[in-house]
Every structure is written in C-alpha cells, then in structure tokens.
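This report concerns only the one structure given below.
The letters A, B, C, D, E, F, G and H name the chains in turn, as written, and every chain counts its residues from 1.
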Amino acid sequence: MNWKVYLAGEIHSDWRQQIMEGVQVAGLPVVFSSAVTDHQASDAAGDVLGDQERSFGRDHQSAKVNAIRTRTLIQTCDLGVIRFGDQYKQWNAAFDAGYFAALGKPYISLHSEDHVHPLKEVDAAALAWAQTTEQVVEVLKYVVRE
Amino acid sequence: MNWKVYLAGEIHSDWRQQIMEGVQVAGLPVVFSSAVTDHQASDAAGDVLGDQERSFGRDHQSAKVNAIRTRTLIQTCDLGVIRFGDQYKQWNAAFDAGYFAALGKPYISLHSEDHVHPLKEVDAAALAWAQTTEQVVEVLKYVVRE
Amino acid sequence: MNWKVYLAGEIHSDWRQQIMEGVQVAGLPVVFSSAVTDHQASDAAGDVLGDQERSFGRDHQSAKVNAIRTRTLIQTCDLGVIRFGDQYKQWNAAFDAGYFAALGKPYISLHSEDHVHPLKEVDAAALAWAQTTEQVVEVLKYVVRE
Amino acid sequence: MNWKVYLAGEIHSDWRQQIMEGVQVAGLPVVFSSAVTDHQASDAAGDVLGDQERSFGRDHQSAKVNAIRTRTLIQTCDLGVIRFGDQYKQWNAAFDAGYFAALGKPYISLHSEDHVHPLKEVDAAALAWAQTTEQVVEVLKYVVRE
Amino acid sequence: MNWKVYLAGEIHSDWRQQIMEGVQVAGLPVVFSSAVTDHQASDAAGDVLGDQERSFGRDHQSAKVNAIRTRTLIQTCDLGVIRFGDQYKQWNAAFDAGYFAALGKPYISLHSEDHVHPLKEVDAAALAWAQTTEQVVEVLKYVVRE
Amino acid sequence: MNWKVYLAGEIHSDWRQQIMEGVQVAGLPVVFSSAVTDHQASDAAGDVLGDQERSFGRDHQSAKVNAIRTRTLIQTCDLGVIRFGDQYKQWNAAFDAGYFAALGKPYISLHSEDHVHPLKEVDAAALAWAQTTEQVVEVLKYVVRE
Amino acid sequence: MNWKVYLAGEIHSDWRQQIMEGVQVAGLPVVFSSAVTDHQASDAAGDVLGDQERSFGRDHQSAKVNAIRTRTLIQTCDLGVIRFGDQYKQWNAAFDAGYFAALGKPYISLHSEDHVHPLKEVDAAALAWAQTTEQVVEVLKYVVRE
Amino acid sequence: MNWKVYLAGEIHSDWRQQIMEGVQVAGLPVVFSSAVTDHQASDAAGDVLGDQERSFGRDHQSAKVNAIRTRTLIQTCDLGVIRFGDQYKQWNAAFDAGYFAALGKPYISLHSEDHVHPLKEVDAAALAWAQTTEQVVEVLKYVVRE
C-alpha cells in the first residue's frame, strides 16, 4: 500500500522538501501531494478566466481554481501534515485543518511551541503535534511500517 | 421554520450582539448559537479535569472540551457567520470555516476589505462576504423570508 | 407527521398557489417552501453586499445568497415538485432536479407533454411526471394519507 | 495520479475534441469520460428493451439506460466540465450541474457571456466559469501540475 | 422520545392492527407508519397521472408514487417490522428488508418457521426474528422502556 | 475503465453464463462477481463454525458468512443485474434489489413478463427491465462503450 | 436546545444517578438515555423470541434485541459518557466507544487512573477523560451553557 | 480482486501468523494489515514527539499516533478479524469491533467459548464467530472464492 500524504500550509520555507527527503532516505511507500506552492502562480491561478476589476474578484477566482485541485487531493489522501510558520496570517492552513477534521481524516500539525495557544483548536483535532520535520518523518516511518 | 445560525470567530468586539439585535428588531425566526465567548472560561474549559504541567496540555484539554460543544452546534446549525477581526491569529475562525466547507454547510464570512487576500480560501468557500453586521442582517432577512 | 414539500422552478405562473390551495382544501398535513419567487428581489439578493461592475459579479453574488436559502430548504424537505413552464431557459429548475437526484430525494416533475423529450433525464430521475397541478395535489393526497 | 474529468453537456459542437487535443498536446495526466454523445444512439439507448407506444415511454426507457452510464461516471470522476451551447434546452446539462453540486464535486462551467444570467445558479456552484475551451485546458494544466 | 416504527410487508392479514393494539394497551411511546395498505388504491396510485397501455406502465407508475411515500417513511423511522405471510410472492417485503439493511437501520422480521430457509438472508440482517405479533409487542416494550 | 457488474438472484438456470459469454464475445471491459452460486456450498457456508441444533441456527450462520462476501461485492460494484426465475421464493434476490436501491447503485432487473406485477417495486427502483440475457448484454454494450 | 446525552458502560455502580442528580441540581437542559441497565432483563431481552439451546444462542438473541435500542439511541444522541468500572470485562463499553468514534460523535470517558494504559485507545478518541462524576457534571455545565 | 483483511486484537499469541500461513497455503487473494503489533514500539509510538510527564500524556500521544495508522487501515479494508485472547483487558479490540460495526463493515470475531457472555455485543454485530484460526481460514476460503 502506498500512503498518500497531503502537505498543507506554509510555502515560504523548505519544510516540504525536508519531509520528502527524509521519507526518500528511509525508503517509505509514501506519495506526496499539495496545493501549488508557487505563490505567484497560485495568486494568478484564475487569471486565464478573465480580468477582474477589484482585487476581491481576482482572489476569488484564483482561490476557486486552487480549490479544484486541493479539495480533490485532500479528499483522496490518507493523512495530512499541516504546517504553520512564523509569518503571515496562514488562514488557509487553518482552513485546511478544519476541512480534514470535518472529514474525519487524520492530520499532523507542525509548528513551533510559540503557536501552541492560538492553534489549540487545530491541535485538538490533530492526531499528532510535531515541532520539526524530523519528527514528522519519524511518525511516518512508524505509521506506514509493513 | 426556525433558522439556526452559528456565530463563529472574533470574541473581542460586539458583532454578535449587533447581529442579534438587528435580527430581533426585524422579528426574524432565527436562533443563534456559538462557542463559549468568555475568553477566560474558554481557556479554562478543561481545568476541572485536572492540572496539566505544560501549557500544551492545558490548551489541549480545554480545546477538546470546547469541541464537544462547538462540533455539535456546527453540525446541527443551518448556516454560519464567521467573523475575522483585526487582531490576533484567529486560526480557530479559519478552522471553523474549513469545517463548514467540508460539511457542505453554507456560511457568510464577515471581515473588512483589508483581509481579502489572506482570506481568499475562506471566502472562496463562503456563500457571501459581508463587511458589516448590517449586511449580515440584511442577508438573513432575505434568506429566511416566509 | 407534517410533510415538507419544496416547490422549485417556474416563477411566472401561479402553479404554486394552485397546489397550495388544493392542499388546503384537502386539509393535508403539508408545509411548503421554495426559493424567493419575487424575480426582482431574487436578482438583487446580493446587492446589499456591494456593487459589482460586471453583470457576472452581480448575478454570482445574488445566486449565492439565494443558495444559502435553497440548499437548506432542499436538504431538509421530504419531497420536491419541480415545474417547467413554456418560457425561458429554466436551467435553475433542471439544476434543482439534479440536486434532488444526487441526494436520493424524491421529486415530481410538472410540465406539459411538449417538453417530454428535452426533459427526459429530469423525468428519468423523478418518481412521477404530472401535467397539471390537480394531478400533483392528487398525488400528495395519496402520499401523505394517514 | 491520473485525473478523471467528465465532460457534460452540448453534443452539437466539437468542444470535447478541442479540450482533449489541448490536453494531449500539453501531455497532462487526464482521462476523459462522458455520456454517449451520438445523439441517435442515445435516444435509442433503451429500444432493445422493447417498444414503447408513447414517446414518453421511449424517452424514459432510454434516459434510464443512459443514467446507468452517466451516474457511475460522474460519481467516480474527479471534476467535471459542463458545456452550454447556443441551441436547444440543454436541461440535461443543468441537471448534471445540480448533480455535481449536491455531491460536492468540483466542476467548471463553459458557456458564452450571453448565458450569464440564466445560468447564474449553475455558475454559483461552479468553481470556475470558462468561455473558451482554451481556458479550460489552461485551468486543467494548472490543476493537475505535478 | 417517541419511537417511529415502520410496518412493512403483508397486507392480507390484520397483523398491523394486532401490533398497534398491543402497543396501545401497553401505553408505549410508539408511532406507526406504513405503505398504503389498501391493495386497490396502491395498485392505482399512479393512475391519476394518465393511462398506461401496458400493465408494466401502470404498475411502474404506481410503484413509483408509492415509493415517494415509503422511502421517506423508511428513512425517517427508527426501526421496522417486516412481515411475511403465507401467500403471494411478497417481493416488496424482501425489497424493504434490503433497503433497511443497506441503511443500517434495525428491523424485526415476522414470519412463521416455514419460511426460515428462504428468508435466511432477510433474517441474517434482522436484529430479531419473531413468529407472532405478541412477540413483536414484547420486544417493543423492552426496546422503548424509559 | 473496467466496469464491475454484480450478478444477483436465480441460481438454477445458466443466465450468468449467457451474459458472461455475450460480454466476452463482444469484448467488453466488464468483470463479473456474484454470491457463491453452488447451492449446497452456500447453505453450508457457516457449518465450519460449529453445529447448530435448529435449522434456524444453521441457516442464520451460513447466511451471515455469505453476507461477508455479498455485501462487499455489492458495495464495490458499479452496477447489478438481478434475476428472478420462475421457481422458488427468491426473497434474497428482492433483498439484494432493495440493498442496491438504498445505496443509490444502478441495477437492471431480469425477469419474464409474468412477474411484472409482483416485482413492481423492484422494477420501479431499477434503471432497466430486461426479459432476456441478450437484452442485458446489449445494454452493457451501450453502457460501457468507450 | 435540549442536549441528548447517552450514558454507556458500567451497570454495577450508581454513576448514572450521580450525573443525573448533578445535572438536575444545576438545572441543565439535558436529557439522558442509556441501554437497559437492569442486568437480568438485559440478558433475557431476547428470551421472548424462543428458547435457545446453547448459551451462545441466548446471548446472541438478547444482544441483538438490545442493539435495536442502543444503536438508535447512540445515533440520535449529541454526546456520550462512557464509564469503565473496576470489575468485569466491560467489552460492551469499549465497543460503544468505538461506535461513537467511527460516527465522529463526541464522548467523555469516565474511569480511574488505574485504567489509563489499557484504555489508551478509548481515551485517544475521547474529547475528555474524567475520573469522577462531578467532573462530568462540570463539563456538561460548560458545554450546554446558553 | 484482492481482499483486504484487517487483523485486530490480541498481540501476545501467534494467531495472525496462523491465519496468514493458512491463507498462503490455500493460495487465496488476500492481503493483510494490522496495527503495529510490537508492544513496546506501540507504547512508544508518540515518544518522538516529546516527553510527557504523566503516563496519561505518553499513552495519549502514542495512542493517537497509532490511530493515524489503524483508522486508515480499518476504513480501507474489506473485512476484519477481531481476536480476543485470555489475558489482559483488550479494550482496544472491543473498540475496534465497535468501529467496524458503526462503519457497517463486516468482521469475524475470534475467541474461545469462555468469553461468549462478555462478548455478546461484539458477537451480535459480527458476521461470524470463530473459535480457531483454522475456522477463520476456512471462512476466508469460502468468502473470496472466484
């Protein structure tokens, strides 16, 4: 069995690469997916559908095109890792966490101790809270062992 | 039919009261619910279950007790209003939005134009974006008219 | 038991009134609901949320506000009556029929013999095809009899 | 991952071929399905099951045989493209849109600006509105990128 | 709590009355529902919708009108009692049993020892097999006790 | 795509073989499954689990072991063909039809004109009624065409 | 809103009465339900359906009659309290916990510190672990506050 | 078709190996999965996520990491075998049984006659009760036969 892991959240650090490399080194039967993580491409995802005068329109159009991708990937994955970094609002990461929770799909939250209090609802619905990508890889090793 | 409306998000302004008053003035058949909005009580929700040495433990315990309440109320409501204010991380509000979205349950987002970009995923799954509580009341008037 | 019947489709004739009156005369335990059937109000449903430069924006905003109402009513009703008149595109009526079908919720289609061919998919998923409101009332009499 | 895309709606223009060719040129991991698009075969789908005296009977029988195919394909696809052309009632396309919407399955609507108003409910539940097949191909390129 | 009990199957003996009387004597908080049990009315349920040349058409039309009633009642009941008598094919009773089973809804089968072998699939999915209406009443007494 | 077709019902004629051969001759991408059709083996399915004094016990034990197989196969198939022959009670076939119906899974009923009346509920929930295995093969040809 | 609380598990101490009294003293809008807690009656629940030679048969018959009651009550409650005492196997309590968990329905586990290790799976899926009935009452006070 | 069988429960005897060997000898198309059965590793599953002062914390953390694995495997398997041995509380086995039951997924219970009474709820929801691993293998042979 190949485990499908969806990597949600922060796009400004290389945490996805770290997890993928750790998993590759360990030779685990895991395949990864995520939203498009190229920030500019993501913001422009809907531009091909026509100009929008107000920024709300453009964001709306792009966010929906992104949703075509992300909802399908979330609904078909086995588990998620949801990363909160130190910058920006990151409401999309929390939104994804709520989405996983309502589907009853397991996820691991990944964030520093600094965010324990504001993320308490996100952590309460998670099956693990990790602070480093190494910990995530260790958990994956355990979870998928034959 | 009484419409059940769940009010999620910000607890540091009186937006809930404004909506409730507007609805009362209009005489609409709406009943409201929400998480416990007393911040201190909410943080201490799980304290009766025993002390926790680390702050993670306390937050975790309380967030889960809060979830007993909020999941039931969200799952039985007809629609949500999810408010984002100008302060704090408010990840729980975004988490609730994702929860509504995954359940296919309609919600109205309520926030100023400043947050349009970081809330684009939240707004993409919403059925309306309002900037004032008056707008929410007007939408409710329309939605529930006999 | 009160049967909840949702009346979808045409808003340019008085078919809803005819069914309601027939049901009232018969004294049946039926409560009705429907989308807002005031055409102008329906098209303007989202206007309170702000101006939209393009007509797509205005229609989009209003259609979503209407959806807050109609999805809830469809999901909580016991059966639907979906009416196709002789004018206009009426794609919203066919959309509602598909929505009922996917939910596995019973509906009666109501249209003249002229539309049998283009409505064959809609009729294939219906549990009855009626041509007059009298027939609908007769079916309701049968369905809800104590 | 192969993305499964269901192409619904108009059968009197070559929009399906255009999308398939665009996807093939781009080398995307997409497989397509659709209802049987041979009009005569579709109308006769149930004829093997016996003659029907009234046209309603024939249409009904064929529409149901078609439904054996289309419901399975819609339920197992990842997303839909739903096309409205300039001719005919096309109620089956709107029916399919409602079916996708009730399943919470993403779809792209494809139609000219002329139909914005009558299709507002269909567009309100869509995750993108495209006016050309080139736009659909561009969206697919974005959605399925590795 | 009022328990909703659906009584399915045989319409040629007074087993429904026996159960209702037993429940009334015991003063249990139970409300009953069932298909329309007037055989002639049931066969003619769809006749108001127009004549059908072949008997298949008439039966089909009536069976669907009956389904509007029975599916709703089955889906909203708490448990079923499914009765098999000694005469006729009674495939509709077995059909209802399968419907209950697939919904995961509990039912009691009610039939004599003679039918144990041909009803083994029906009984395997039942939560009780009763041979007399008195037994059904006794089970209901137990199940609904405060 | 391989279509998974479940063949339910009669085990005393070679209708399954006829359909399989017709499909093979036509080269259709269809895989078949069914309950164990060896009557004696089916009745003895649970015997390995221990003796049962009463016939009810033996039938019950075997019917449940059969259900391990049949429920899984029904839930994972794409469509069913449900056959009623001229002999025996065949309540298990009607039970399977109800199971398909409650799951919203399409099925074709296969029986002679003699059974139209007693099978009207089964046919009302079917998407096609065939009288011969040739008709079933023709419908399958249409449904699965590339 | 009345909160429906299902009390599962131990039947040899008065923990149910303690919680009910605490809730009554506090005047909370809570209604309780549970399995039949009269041990002898519960073991004999199916006896009315006929004698069973082996103890397996009797237990089986009674457990199924009990399931008619308990599954309905669990599926319609808002939350559960699941109690583990110091005696007996109490596998039914753990079974109920798994049932709540798979339904995504919140529950509070109630047991002494001695059982922390063997109940770790049960507690991992719970939203609160209480050691005393007073704690349960306090949590309920918080959860249902207006 | 490969049948996916999840083996739950006792980890202190070699019953899993016995079933796997029996299946291998018979050449059945079955693939097995289970929780991690190395007791020490299982108890330490969450240790990588950080120390926990109280034993509750450690157990909780590990049980949740185990749940990432087991819930996914249970939800994707075709059937379960749930084993109760003679020692320990084994509440996790009963929890798994409840989880299978609520999902409507078939399982075989495997335990000696000694436990018939305390496991009556677990057995009432099972589709077979086996006392030996040989019996399980025989049932699997029957269930998966081509």
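Please note the rule applied: a contact is a pair of C-beta atoms (placed from the backbone, for glycine too) under 8 Å apart; a residue touches a chain by one contact, two chains touch by 3 or more.
Keep in mind that what you see is a predicted model, and the values were worked out from it rather than measured.
Think of it this way: of A-B, E-F or F-H, only one pair shares over half of the C-E contact pairs by residue number, and it is F-H. Among the remaining chains, the Cα-based centre furthest from that of subunit G is the centre of D. For the pair subunit D and subunit E, the distance between C-alpha centroids works out to 40 Å.
As a whole-number value, the distance joining the C-alpha centres of subunit B and subunit C reads 31 Å.
Chain geometry summary: the mean Cα position of subunit C and that of subunit D are 23 Å apart.
The residues of subunit B that reach two or more other chains are 64, 67, 129, listed in rising order.
Interface of subunit F with subunit H (complex): residues 33, 36, 41, 45-46, 48-50, 61, 64-65, 67-69, 71-72, 76. For subunit F in complex with subunit E, the touching residues are 55-56, 59-60, 62-64, 66-67, 84, 88-103, 113, 115-125, 129. Residue ranges on subunit C touching subunit E, taken from their complex, read 1, 3, 78-79, 106, 108, 127-131, 135, 138-139, 142-145.
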